[in-house]
Amino acid sequence: MRNAPMQRKYDAADPLALFKRVRSDSRELAVPLSDADATVQSMPDASPAKWHLAHTTWFFERMVLKEHVTQYTEFDPSFDFLFNSYYETIGDRQPRPRRGMISRPSLECVMDYREHVDAAMDRLLSETSLPDVVEIVELGCHHEQQHQELLLTDVLHMFAQNPLKPSYESSEPLAVEATPSEGHQWHNYEGGIVEIGHSGPGFAFDCEGPRHRVLIEPYALAGKLVTNGDWINFIEDGGYRETLLWLSEGWDWVRKENQCMPLYWNYRDGEYWTMTLRGAQPVDSTAPVCHLSYFEADAFAAWAGCRLPSEAEWENAAANVASDGNFANSGRLRPRPAKESDSNPTQLYGDTWEWTRSAYQAYPGFKAVEGAVGEYNGKFMCGQFVLRGGSCVTPTGHIRSTYRNFFPPDAQWQFSGLRLAKDLP
Amino acid sequence: MRNAPMQRKYDAADPLALFKRVRSDSRELAVPLSDADATVQSMPDASPAKWHLAHTTWFFERMVLKEHVTQYTEFDPSFDFLFNSYYETIGDRQPRPRRGMISRPSLECVMDYREHVDAAMDRLLSETSLPDVVEIVELGCHHEQQHQELLLTDVLHMFAQNPLKPSYESSEPLAVEATPSEGHQWHNYEGGIVEIGHSGPGFAFDCEGPRHRVLIEPYALAGKLVTNGDWINFIEDGGYRETLLWLSEGWDWVRKENQCMPLYWNYRDGEYWTMTLRGAQPVDSTAPVCHLSYFEADAFAAWAGCRLPSEAEWENAAANVASDGNFANSGRLRPRPAKESDSNPTQLYGDTWEWTRSAYQAYPGFKAVEGAVGEYNGKFMCGQFVLRGGSCVTPTGHIRSTYRNFFPPDAQWQFSGLRLAKDLP
Amino acid sequence: MRNAPMQRKYDAADPLALFKRVRSDSRELAVPLSDADATVQSMPDASPAKWHLAHTTWFFERMVLKEHVTQYTEFDPSFDFLFNSYYETIGDRQPRPRRGMISRPSLECVMDYREHVDAAMDRLLSETSLPDVVEIVELGCHHEQQHQELLLTDVLHMFAQNPLKPSYESSEPLAVEATPSEGHQWHNYEGGIVEIGHSGPGFAFDCEGPRHRVLIEPYALAGKLVTNGDWINFIEDGGYRETLLWLSEGWDWVRKENQCMPLYWNYRDGEYWTMTLRGAQPVDSTAPVCHLSYFEADAFAAWAGCRLPSEAEWENAAANVASDGNFANSGRLRPRPAKESDSNPTQLYGDTWEWTRSAYQAYPGFKAVEGAVGEYNGKFMCGQFVLRGGSCVTPTGHIRSTYRNFFPPDAQWQFSGLRLAKDLP
Amino acid sequence: MRNAPMQRKYDAADPLALFKRVRSDSRELAVPLSDADATVQSMPDASPAKWHLAHTTWFFERMVLKEHVTQYTEFDPSFDFLFNSYYETIGDRQPRPRRGMISRPSLECVMDYREHVDAAMDRLLSETSLPDVVEIVELGCHHEQQHQELLLTDVLHMFAQNPLKPSYESSEPLAVEATPSEGHQWHNYEGGIVEIGHSGPGFAFDCEGPRHRVLIEPYALAGKLVTNGDWINFIEDGGYRETLLWLSEGWDWVRKENQCMPLYWNYRDGEYWTMTLRGAQPVDSTAPVCHLSYFEADAFAAWAGCRLPSEAEWENAAANVASDGNFANSGRLRPRPAKESDSNPTQLYGDTWEWTRSAYQAYPGFKAVEGAVGEYNGKFMCGQFVLRGGSCVTPTGHIRSTYRNFFPPDAQWQFSGLRLAKDLP
């Protein structure tokens, strides 16, 4: 997920408190990492942890301090080149696939950079409450939360490349709080003309709006996410070998990459194992399946005689369900088995991102905001699918029912799973 | 465009007459081609003319004659391997990018194959009017019409690779029947809940249905297609160099391929030239621009301060406009300048395919049909955009308001152009 | 093999007779080919037959007629672009991997081009015996003979891509004239300071000289070529799976391409088959193995506890053995089993090209000739290995003991085999 | 340069002293590196510093300690997988292009590994002087010296990718000790039958022998290396744009990679700069040119009307010239301008590796040694060229006149330059 500016003004009660909390959260995430851990780039789509930590800092330096603090002293002029992500109007930058070449500045130096910027931000936010500043600071905080999730996602990918299978956090297995998997409940929805999308005072990225009407037909959503146990059934029923289940492009992907299980899984001595932030662990059959491509999610739905939900269907069901807030910052960092619930689907928030069948496209009436932060609104609206709900590594406070994450259909390294849907007569 | 089975039963008045007409049309298309012309494959996405002529014949042999004629003698058993396109359940086949390796069978032999199958089909259709047979024959005819368009599209691409720039038809330039290009009219639509998609007795491919309700907001469509003259303005205003106009993936495509004008165009001695089925010709500034990628169409719309229409918007506007039937079979084979019209947009049918902003996805309630012909319904519903309206090389009788063509966003070699749209307040 | 200009002046007795014979031979080779056969390019390293027929003609037009006939009328000015191979100083040209895009001019038109040029050449050579003309004509004739071999080599490769496995010549198998394969004789050579390389009045390419001294140690050469039967032993002993036998680059090639038998071979129903100019044929275990890469030849020699000969060793042994002249023009077109001989190694000429262990490098004192024909002397002296002896598709009169053919180590599509060598104490 | 086992027994006076010195040298080289510096892999052909430090240690653990010390406790069993380079018979290993994924073990842990192995080696070598052990220890020391050079070479490449252009050693420029560049002297050699290759008691890699006779013709060698100033002349005379100067494959490389100056050079504000182990520095026109591909060296020689020497010519001239020992361990780390000398060519040792025209091939009579260390003798004898003389980063004591370094012709990242040669009449 790439940052995009917020959609409308926001009356943030205490931007400095928000800023401090988010910045401190990032610092915490870096604690288990060595200088080398924070430097390696494991594939072109992933970034080094150090880059995430520096880029989010650069965002405040470039978009806030250089714009609003006349006496501000830049930490290092070369960082504009090193830590710009994709703002073409701001200037040239280190090519994305070469971010892992940057052994220096060291992690320690990047942490100094963070301190330098944090101190200047503290001074600024203690003195001003200009709406322009407050607005961009809030955007920067949400932007940084996105990168917090990406940092963990990318660290997992990097450690998974290492034959030693290092752990990011303690490798002690969590106690399993399993719900017996006796199938799942369906929850029915009438559809009709409903409203989706963001409006109102809270923060949202611009692509979440405008709020608008859509027409949906009657449908049902599964009460919980598809589990690892379900996925093993799919594998053992030959799901990865049955061409008829797959999109044409998905089938090419399966054959070219010899796909036969989710990313990070392997099978040895009669058991499935996976790689996690706690190192290699046996697959827990009651937990939600994770690290799937859209192709896999779509094929599974076909195998199950169902389909993926549209994003409107998902949002319509989720809008009135409160998230329970038990996410990444709580130190969990892996999806949980479902707890029973009669009234609503469970696991809507904070376990795995849920692939929807919806291509990522502009909502009716969508307009990009002006200026550098809004430079590229909508530039990613091509070839990607929407995911909803947030994952176990999404920061607390970064989830809402209107949130639109998006990735290309072959992306597996996100904490991505699925929930089934079907038409009602 | 890939063939997909029809959506519902059809009471074809005279299937044999339809069959004969379509088969004869294909034969006509082959007349200007040498054996070598019909053999070369100019890129993996294109097929040799010979392959189109044989594959459409194989479709009748495999899906009709082998299924319904007990005494049928196969023309050549190896053709099952050579001329299957992508039916995985039917068996292995010549890999698509290697279709151009097949110097034999010769074009003459393929024409013999056509005669052999036509004779058997003639006997069958003179004796039976079984609904199953009639239905699949009609599908085969529409399938063949798709390949007629592709044959011309691919021949143009192949001749464009040849430094001699050969002509498929007479290279004499057509008289220009230009409308003075004093800007264009907008046509306004109220939107609301409207119905789109196919229903009723006529033929349609399955992805055109089910007919269903959609909610659209008020919008306007341009009265005519964007012209070559408009496109030259875009070029000369720096459109291909302005990153802000482009989708992220589109901008990568521009830079990687050094895109700076539509496919087949070049600029020499102060004039733009293009490659056509009449050989190299100067660009006619009053004619619709053609051979654009989605990326280009989308960037142009952004440059013009507009957007592309959705497919629902297009169909809603086009549903009540009759096509004038003046298409490929008339021997035209190039887009025409617009004729004025007050009441409706012009050039909706039969000039260029119009890129829409709609990702190609299943309509609500869409279900694949059973059996080999329906094997892959929806398998292409990923990463492609819908085009509407038909082009100057689409066969007469193959156009309708519900027709959904689809291609990936970087495809340029189709006869693809655009029409602008905008929101109304 | 690429053309390179001759090394020294030549007193050709009757250049017109030579010219007519060579040109007529090429015409004969084209007889079994259709327009489509002559147009297809099966890989970037191969060229269409039509291109070979036109390029050799262009050579005479460009290098002789345009230089020496004031009133000469060019057949078609665009051919300079189409049929130049790699003469950078002469101008731009059709990129080599795109030679297969040229469906026009047709094969018939190319044959007209040949007639046009032949007529002009006939007039010129009847009138003049200028040494400059005679010399370049002779070079052109040898150049054309090289392309005769390549034409057959490339036609075989193209037909091998076709699932129908067409025959170039009658598919009737030749009678086998086998020698019982009871092992082979070794022929011993003393070595010392010997002379190799061309000198004297006969024609040779420039890289064959200067004649010079080399020091070689005592060695032995196998009396005959390695056979298909030997190769089956190598396969069945696990030769393609034993990493220790292979060069590092060769082992990468084996694994990447899943190499497990020579090019064109396949194994079905307990028997090895291969593709030949007579279509698919069972492998004849007594015939020389053919279509090997250098990597394979080198690995086989290691497996056999021997090594490949150096080119100096080969030439030293072959210099006094007369070729028996029974080559391509006789209509053979496949390697023959060995006939016994006590005095000398057999099969030195005209069965398969023999890979040597010698990198293709300049002989001491080598100098490029001046002008366009000598433009690129030595430009290929990097990354290639020398082959000696000529093959069953090398034209009569094009073989001699000093002849140096050369190809990269992964090239398999030539008629290439091997002969073993070893050190003597 | 890849390690290859020694050619013959060696009577090392004090193997423990040798071992300690070499191991200590490696430790010194690591001092300026951070954990991150030591982890990054900048291209598939380069390895992380940490990998060099661990692999050389693994060599002693695997080849000496595990073979000869019964009670030896392995430091970490996973290191066999991580730090094997290419010994196929020893087992699977981390793929070379993925060596940069290994953020753990840390540099500190690798240094602990070194200590662990050093202590065990110390114990072993204090107790034994078995010839088998002494021999393999000496080989391991020379192997480690090769990796010392590669470590510096790869660190330079990595730092060159970093826009900050970090320094490995102090960035203070060295004082220039220039010789006025008034052209260069030629040194003439008679040639004849000479002996080259290693023999006798000192250490050598197996490919340096057997010592054997070669026949060389009279030739001359330039008295000094080609300088940066000479290279600027070549650039400014259009050397990189003149196709006639280049090998065919070299010209493809120039065009595909847009080559226009040596690796690490750039041109800004009227001056050439280069990247060095002291960071970015202006190009010193009197110093030898460095970081050239074979293609560049060969093209320069053609431009200068000369040629590259063969390795026999080089060795014949160098055999009686003593190296002055002023190499890497002295802390220099960059090539020096030439000092005048009348009697012999200068700069033969320890400035830049000198490309020769000789393909890397086996000497007559070459045989691989048995066992794992000799597993792949000669496996690299394909597609590479020999370099002679050693560079400014080659360790003291690792240079001799028979030493054969080898790299593919497009390799630029070594400290490689050239010396001109020419034929004498």
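Structure notes:
A, B, C and D label the chains in the order they appear, each numbered from 1.
The rule is simple: a residue touches a chain if its C-beta (ideal position, glycine included) is under 8 Å from a C-beta of that chain, and two chains touch if they have at least 3 such contacts.
Only a predicted model underlies this, so the values are computations on that prediction, with no experimental measurement involved.
Contact with subunit A and subunit B alike is made by no chain in this entry. Each chain's centre was taken as the mean of its CA atoms, and the one lying most distant from subunit B is D. Averaged C-alpha coordinates put the centre of subunit A at 59 Å from the centre of subunit C.
Taking each chain's centre as the average of its CA atoms, subunit C and subunit D sit 38 Å apart. Rounded to whole angstrom units, the spacing between the C-alpha centres of subunit A and subunit D is 46. Chain contacts: subunit D has no residue touching two or more partner chains.
Under the contact rule stated at the top, the pairs of chains that touch are A-B, A-D, B-C, C-D.
Against subunit C, in their complex, subunit D makes its touches with residues 86, 88-89, 193, 212-215, 217, 243-244, 246-251, 294-295, 298, 357-359, 361-362, 364-365, 375-376, 378-383, 409, 423.
Taken in their complex, subunit B has these residues touching subunit C: 34-40, 42, 78, 81-82, 94, 98, 100-107, 158-159, 161-164, 166.
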